[in-house]
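Each chain gets a letter, A, B, C and D, in the order it is written, and its residues are counted from 1.
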Amino acid sequence: MHAMAQAVSLSEAIAETVHDGDSVALEGFTHLIPFAAGHEVLRQGRRELELIRMTPDLLYDQMIGVGAARKLVFSYGGNPGVGSLHRFRDVVEHGWPHPIELEEHSHAGMANRYVAGASKLPFMVMRGYSGTDLVGQTNVKAVVCPFTGETLTAVPALTPDVSIVHAQEADRDGNVQLWGIPGVQKEAVLAATRSVVTVERIVDQLELRPGGVVIPGWVIDFVALAPGGSQPSYALGVTERDNDFYREWDVISRDRDQFTAWMQANVLGKVAA
Amino acid sequence: MHAMAQAVSLSEAIAETVHDGDSVALEGFTHLIPFAAGHEVLRQGRRELELIRMTPDLLYDQMIGVGAARKLVFSYGGNPGVGSLHRFRDVVEHGWPHPIELEEHSHAGMANRYVAGASKLPFMVMRGYSGTDLVGQTNVKAVVCPFTGETLTAVPALTPDVSIVHAQEADRDGNVQLWGIPGVQKEAVLAATRSVVTVERIVDQLELRPGGVVIPGWVIDFVALAPGGSQPSYALGVTERDNDFYREWDVISRDRDQFTAWMQANVLGKVAA
Amino acid sequence: MSGAGETPAVGYDTGELQTIVAARSLAGKRSCFIGVGRPSTAALLARMVHNPELVLVYESGTIGAKPYRVPLSIGDGELAQTADFVVSVPEMFNYWIGPGQVQVAFLGAAQVDRHANLNSTVIGDYAHPKTRLPGAGGAPEIATGCAEVVVIAPHGKRTFVEQLDFMTTRGDHTTLVITDLGVLEPRGGELTLTTLHPRVTVEQVQEATGWELKIAEQLGTSPEPAEHELSALRELVSR
Amino acid sequence: MSGAGETPAVGYDTGELQTIVAARSLAGKRSCFIGVGRPSTAALLARMVHNPELVLVYESGTIGAKPYRVPLSIGDGELAQTADFVVSVPEMFNYWIGPGQVQVAFLGAAQVDRHANLNSTVIGDYAHPKTRLPGAGGAPEIATGCAEVVVIAPHGKRTFVEQLDFMTTRGDHTTLVITDLGVLEPRGGELTLTTLHPRVTVEQVQEATGWELKIAEQLGTSPEPAEHELSALRELVSR
């Protein structure tokens, strides 16, 4: 049973929750990607992480590229609408900066793994994987319907040590509301042992919005203020997706040295918010 | 693949979708119970129905009491906050007006059965039933987690021939929005072969509300205008729950003759809306 | 937990006392799952007197409901209107109740056995019952999902039975059984009388229990309702 | 389906033609699942020219999105802002895609085999790939959930291969493969060339296909892009 979420600085929230070797899910499906939190994890020098995320995106390209990951659990490793994630490709194709383990799923599989985790069930049942080469490269099993005899696919629960998500706002009790594309953020928080939510702003009272998803403070460990904390992704109604940067990343990330210099100048060498 | 929902009269919607012997789910968890639609089913003289509903409530007390049911699939057969459903008790205890079959579940079981139906999966996995006497009186089976070896409970999908729900509003294309307590209405509609949604009003365009649940017209067969159609239940923001009537029902329904007279005067003898 | 050092009330009835004792059990708790009737009244009283931050959860889907009046049903409009947020019934059971996100559950029952197992299905044989009760509802999964289960029931031999007619709900997580005569707690896997309400005797409780009841060596007495507890309760039910 | 009797356009490129042919395939359809790039452009064009009621579904959770511009990502803000409603990713896959509530899916791929199976995972060996591609994403379950799957891919031997390096997505539900040279359809379980784009020869298509391609006896020709199709497409991409 959690106590009410504590509102702390981002650096404190990360220091309290993320340790070397942890399994860490930073979620946000295109929208509300917690870049600021991920960058803080890197600034604090965390290593050997099992990074979990449906769509690794630029953030995990950065985290993998600086060598923070031991393993990647994912379902789509691309730069949406642009092309490759070059650091992801480099680690898989050439083992740079060091080889990592891959555990690869489909989106439906990852989503249901979070559902199982949020439900505290060991697995969820779905149709999928069968007849594809993914079966041999992942972590799913067959399960037979006890009513119809149909063979379906069982996906194991995801229960990250830490889940980190970004939202538009929290109230002073740490209750969080996000709106727009909600992704799997609620499930990620509920499935995790520890959780951090970064927010654009703190408000006196949440006013429920159309499409608003509330995550109550009593299932969150830490809430940290991080205005603009999902840029170059975005927080609907607060910031805009920086599509130009997504395109620029294709250039920055292509070259190891340029990537390393960019990370030093823009992430690692910066002071925590 | 459904065509877009057709807006028709309630009597036409029921005539087109509900036939003798059908399995029919009229859902609405305390809120938005589709009384007008259920009454129309009775006025059209439907019999031998398999009535499915988490909380039979007054509506199913009425439908069972006039002899429309062959079977009841349910998880809580009480008059909420008042006490017994006397017609339900009478049919179970004394077989009046004729014996019916019972299939009894827990709320969690019924909810997951609708989830399975909406997902077009043959079953869902959950924890529950085991160690209780319900196991011997219902339709669940054991399933073993292929990852952990834990034995869990499998509940079979609910796939009603017809699902009927009530909502606050629809637009002219038959897209529906409901808000307040959403229950299992979306799942019931998605799980069914045919579906009817009755609404308080038709609007030019849906304006999304906080907590609003949208059911698009392309998964609904018929939308019918039925203002006040969930009374004595209610439609949040439009009508109020008639708690006094829930108490009065305890008196009306206690006696077979009084019940029959009341139904004749207030339901069966009335003209369709 | 309350009552001590307060002005004791006079002239209350045993139902009021039971509600007040149940409300006290929610001091310091984060969240409570409640049904209708006395459990709902007790939880609302707890928010008034002991624990204004208590999160009330109803199985209808309302989380953080703050009703002014005791609701007749678990789905009254006021619950949705005052909730922190509202979820679907599948989400309620799968994400909130099953995984134990709600700390305490208040449950009632028609029959309770010595292991705090509950019957809310039938009196008599299932196929040919003497009395058909409403059935399981959310109780079985609430009772295994919530870490602490508090049973609230009237103390009598029809309720506290040697053998349930039907086992609807398992008692594994039950921490307290609060009756109108006293409080039972599981000790060594069996319900044991640990507290008597004022002016109730052990013999009275044994007489109202359908099995040979275990009695705790250190038997406590519930503090008298304080004047402010009783007046808050009466004000609440008069709303 | 379109083009006939219209003023034919001149001076278009093969990519534009491919997009226009893909857009035509959505006439009369209820709903379409789309990713980014050409499929997204084609579906938006379909809404402009052939089917203003077409419901666009993106795996990000936006149902009934009506973007004015071709979105860069499947999660651009405009998609959520213009959607009829937005659902979580688990709901998208479990309630909408898996059960077949979305009629048509547009998919792309790095490799396509003669059974319309797709590879979007790796070129080369999985453990030591020559090129690591993004991976499955939503494709496998979209391809088996939607009743009709339309594959949109550039026609060349690197794409249309005898043997996939990795089978990411099954082709069972594929109804059309639209390339920049023509249209393939499954006939007797194998992709068969049924339509050539204007001025393309069978030999050209065979040369660009990595297996001995079946050719339909009745080989059609795609109607030339109509002026209004091409101008709508160019206006759309210029936004």
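Assume a residue touches a chain if its C-beta (ideal position, glycine included) is under 8 Å from a C-beta of that chain, and two chains touch if they have at least 3 such contacts.
Owing to the predicted nature of the structure, the values given are computational and were not obtained by experimental measurement.
Contact with both subunit B and subunit D is made by A.
Averaged C-alpha coordinates put the centre of subunit B at 29 Å from the centre of subunit C. Each chain gets one centre point, the mean of its Cα atoms, and the points for subunit A and subunit B are 39 Å apart.
Centroids of subunit C and subunit D (each the mean of its C-alpha atoms) stand 58 Å apart. In subunit A, the residues that reach two or more other chains under the touch definition are 115, 121, 126-127, 186-187, 208, 211-212.
Residues of subunit D in contact with two or more other chains: 85, 94, 98. Chains touching one another form the pairs A-B, A-C, A-D, B-C, B-D. Contacts from subunit D toward subunit B in the complex involve residues 30-31, 55, 63-64, 84-85, 94-95, 98-101, 103, 147. Contacts from subunit B toward subunit D in the complex involve residues 1-4, 115, 118-121, 175, 186-187, 190, 206, 208, 212, 214, 216, 218-219. Chain contact summary for the complex, subunit C toward subunit B: residues 36-37, 59-62, 71-77, 79-81, 85-90, 92-94, 97-98, 121, 126, 129-141, 144, 166-170. Considering their complex, residues 121-127, 141-143, 145-148, 150, 152, 154, 156, 208-212 of subunit B touch subunit A.
Partner subunit C is touched in their complex by these residues of subunit B: 29-31, 54-55, 74-78, 80-82, 84-85, 88-89, 92-93, 104-108, 111-112, 114-115, 126-129, 131-134, 137, 180-184, 186-187, 211, 213, 234, 236, 240-241, 243, 246.
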